[in-house]
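Structures for review follow.
Heads up, the next two complexes both have chain A, just with different partners, chain B and then chain C.
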Partner chain A sequence: MNAIPKGKAGLWAAAAAALVILPLAWGSPYPMHIMITILIWSFAYTSWSMMGRFGLVSLGHGGFMGVGAYVTALAWNNLGLSPWLGIPLGLLCAALLALVVAWPCFRFRITGHYFALVTLALSGIVLQVIVATRGLTGGSLGYTPDRVPGGSSIIAFQFTDKSTWYLIALAVWAMGLVIWYAVQHSMMRYALEAISEDEDAAAAAGVNVTAEKLKITVISAMMTALSGALYCQYQMFVSPDSVSGIAISLQMVFAVVVGGIYVALGPTIGAVITILLGEGLRIGFGPAAVGWDNLIYGLLLVIFIIFLPQGILGSIMSVWRRNTARAAA
Partner chain B sequence: MGFFDIFLVEALVNGLLLGGVLALLALGLNLIFGVIDVAWICYAELVMFGMYAMYYFVIVFGLSYWVAAPMAIALIGVMGVLLHVLVIAPLLGTAPINQLLATGGVLFFLQSLATVAFGIDFRNLGIRLPTLEVAEVFVSYARLLAFGAALTGMLALWLFLTRTYTGTAIRAIAQDREIMALMGVDTRRVYVITSAVGGALAGLASCLLVLQYDVHPFVGLSFGPITFMICVMGGLGNMIGGFIAAFIFAEIISIGGLYLDLEWGYVFAFVFFIAMMFVRPEGLLARRS
Partner chain C sequence: MLELRNVDTGYGTFQALFGASLEVRLGEAVGVIGPNGAGKTTLMRVISGLIRPTAGQVLWEGTDLATVPAHRIVELGIAHVPEHRRLFPRMTVEDNLRMGAFMPAARPKFAQRLEFVYGLFPRMKERRNQLAGTMSGGEQQMCAIGRALMSDPRILLMDEPSAGLAPVIVQQVFELVRRIRESGLTVLIVEQNVQQVLKVVDRAYLLEAGTIRMSGTAAELSASDTIREAYLGV
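Coming up: the complex of A and B.
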């Protein structure tokens, strides 16, 4: 499983080259915007699934995303700190927040739906703090990073050109997948799988349960904060509802469950489906479509959890594996 | 502003009254959790539908409040049963987190259904209840009524659980799920009844909330998370713990809102919740082993 066969390597290289070149050659702004949005959200959903696939279901990731977005933008507007430093600062804040909440949770063995509810409070706190400090953050009206004259600047991490953003988003998305595979092929994965099966047994077998869970939580929180910062820099506008709170947290869960929680590209498939569905309804039905996208999301989430808990890609892959195993036997 | 002034007393009294409503909200959720071991994330959305039901019964169909209220309670009770039969029952054997997430899907569904069906306008009953003045302290009559009805609802539930056969079966299942099936109790029937009662409690809460707040599709988000935190802080399934937690929360929000903004009241309440989870992860009344 570890080494990719030669024939496949060629296929991967071709797919990667196509992903880089084709959209740039096409160059039409609207599809480009959709692709960038899909990539940024895919990365956010992948970040959530890093924890989610080990049974650590967090409803607080909306909070981490909000911290990443707002810390970066606030540092730029108020301190003049370039996002190249502001983003790491946001990531650091998210990591600290994750530690402060997660360490006692894991230490006191708060698991399962108790953990989900504690993290739910976290996303609520971040949302309310953003709204409450409206003098600084603009509250529920949202916040805009100050534009540089001319619109594009590497130092300000602001680009008017969509192709630049496409390449950035693509690189970050690919980095998310690399981290996913790195965890997949590490000892950490075995430790975390053992923990999700039975914490006591894992501890008895010599796994440091608290430390392993903390590591993956901090990784996941920092990745989510990065997605928030990227989203803010790309849109040049954030509001508490678009990057924090329980709705965003549930949206992450939904997309990952639909796409497939246990496979690398599952969250990406989830992002493609949810964003295309939302955009399709918006174009097809205009203002009359308000609410219908979430109506379908909600219904799909329930149906998927009941009938297809592995998600679309997960189910396809397990059927495919079963068939190839049968053919080989 | 002095520390012990009339505003503080007023905030304390209002906190107490808010606590009554929050306690009622937490009660239904706790009942479901204690008996079926499922957390209905979408509980506040059931309340939102109850508020819309009240709006349509009273304003659109012109019924009197006292006729509309029992109908709304029954309607949300039926919704509770539907939620259980359609979503929870197929998932009973699977990981608890699946049930939690499925009800999260129901939350999205109900919220959007309300947006599509009722639009995003704020609506209210247009009933303005007078304000009571007791020794310079202003108390909203609607809140007082809600407080009284919340206490009555809790008393009725307690009598139902302790004085009837079905109530005894419900309490027994809450204590040991596996054994009761062997003792000849039809657990599925008890689950359905519990869901109906839990839904009806949400319906009662909506009849009271609609007197104080406008209803819109996202109203559930403003008190859904806090209801959950109250239940968890009291110890999920522990009704007395939830009752006490509701009043602590309400006072924090009310007093925080007095000295700063209402949002800060919520922030303090959430921070307090997280802090309490570390001190008493099993709930307020749990003994540390």
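Coming up: the complex of A and C.
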């Protein structure tokens, strides 16, 4: 690894400072809300891409998001457990769920399309469980964590102030990128790339194929559950449709493919595009445009897979790299 | 060093090996020859743990490998160059070699092993940043052998290193095998190219329809009528 050149480090620091200060200085609630939503979903999409980029295409990550959100909220309302403990509990549940689903898949070499189908079922099952246990979870009507008097409390992880949420979401999003880079610069990445190309050859080279795949799946599931818990605490409301189920799972795949699956900021670009598209349609066309975003997603997905398989950011970066290489030569 | 005792194995209900027994001693080069579908690749896969024996034993220095998972078998010093090379085509040559030294015990020796492999195959050093899938067949075979050597193995299993290569490249590949032998490594090599392989091994086994039909020194087998008629065409 090369050390980052001085000028570049300064640029990064400036960008980070701008991300922290500018939105706070602006202070208007609607753009702030959009920024927070983008950051939380960016983190969720990054979590999905952790395994998606290695050919482990999950269509069930909505399930993990739902587990994170509901476990945290249920523990708070029913057991009085602070989200500071409830969130780790939700992450643990998501990790267990990931193990239960993924271990048999990996052990018995269920890969590619078949793995995607198994995970698709997972996302449907979590949705059905939430709907079926209506007495506890509120079913399809949704669920609200109990508000603390006054609205804000660190212990309850509830804040009425949008700038607090912005900083939390920014920190978690940055943490997602840090985990992405940690994997990128680890032997795990080589192992997983090798596995995605040829499982037998990877095993023959000494890679414990099942263990490596399980590790990244659990990491990805826990990160996704965290995004679900954050989303719920921020919105103070979750419904099965907003964090779980097949629609959310597919939306993750769509956003990451559009943004760029092999680059760190690809999922973030994907989140910016999907959320701005959704909001734009909502503001521009109102109720007349309900469901249009899904139509446009589907169309864009086909176009991207055929013409820009590296996604927007991925394509821009490879063109840029080619040009700088040519300039250097 | 390595011994197979009456090994049966197969895929589902199809049995591919019937009571196969063979032995490789330290420092030897041993060949397994036989026609297509005889079970040669299966024999290699059962040694490196990619499939399991249904009966019999695979012994490595006296311990049974039956329950040892594939990635642990590599750690024991058994490196496998799979049939058709099985490189990681979208990774660079050097990253492919890095994968060969993946196991924790091999990682500290990575730089040293890399130098060894580049010394053996200078071509790989020239091509280290090239994607493995874009090289010629002979170079890919070199890279596959290099990857197996990265783990500093005690025995090298080579599955049909000449498969799918042009005749002139086949010569070069056997030259590589000879060089690896001379470096003192124990080698078990499976081949259809009987004429060539008998020139580089000490002893060989003839495998037909999942059964060991014959064994002996390379000279004995080259002189045997069965082999001369069926495999050498003389």
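The working rule: the second predicted complex is superposed on the first by the 327 of 329 C-alpha atoms of A that agree within 3 Å, B and C clash if a C-alpha of one lies under 4 Å from a C-alpha of the other, contacts with A are read in each partner's own complex, and residues count from 1 in each chain.
Following the convention adopted for this analysis, a contact is a pair of C-beta atoms (placed from the backbone, for glycine too) under 8 Å apart; a residue touches a chain by one contact, two chains touch by 3 or more.
These numbers come from a predicted model, not from an experiment.
Student: Classify the contacts of A:His113 with the two partner chains as first (chain B alone), second (chain C alone), both, or neither.
Tutor: So A:His113 only meets chain B here.
Student: Look at A:Asp161 in the shared chain and tell me whether it touches chain B only, chain C only, both, or neither; answer first, second, both or neither.
Tutor: Neither: A:Asp161 stays clear of chain B and chain C.
Student: First (chain B), second (chain C), both or neither: which does A:Asp146 touch?
Tutor: neither
Student: Would you check which partner chain A:Glu193 touches, where first means chain B only, second means chain C only, and both and neither mean what they say?
Tutor: Second partner only, chain C.
Student: With both complexes superposed on chain A, which partner does A:Asn208 reach: first (chain B), second (chain C), both or neither?
Tutor: After superposing on A, A:Asn208 lies in contact with chain C but is clear of chain B.
Student: Could you figure out whether chain B or chain C reaches more residues of chain A?
Tutor: Higher number of touched chain A residues: B.
Student: State the interface residues of chain A toward chain B in the complex, per the touch definition above.
Tutor: The touching residues are 55, 57, 101, 104-105, 108-110, 112-114, 116-118, 120-122, 124-125, 128-129, 131-132, 245-247, 250, 253-254, 257, 290-295, 297-302, 305-306, 309.
Student: Along chain B, where are the residues that touch chain A in the complex?
Tutor: For chain B paired with chain A, touching residues are 39, 87, 90-91, 94-98, 100-102, 104-113, 115-116, 120, 217, 221, 224-226, 228-229, 232, 236, 260-261, 263-264, 266-267, 270-271, 273-274, 277-278, 281.
Student: In the complex, go through chain A and note every residue touching chain C.
Tutor: Result: residues 187, 190-191, 193-194, 197-198, 200-209 of chain A touch chain C.
Student: Applying the document's contact rule, which stretches of chain C touch chain A when the two form their complex?
Tutor: Of all residues in chain C, those touching chain A are 48-50, 69-71, 74-75, 79-80, 82, 86-91, 95, 98-100, 102-103, 106-107, 147, 151.
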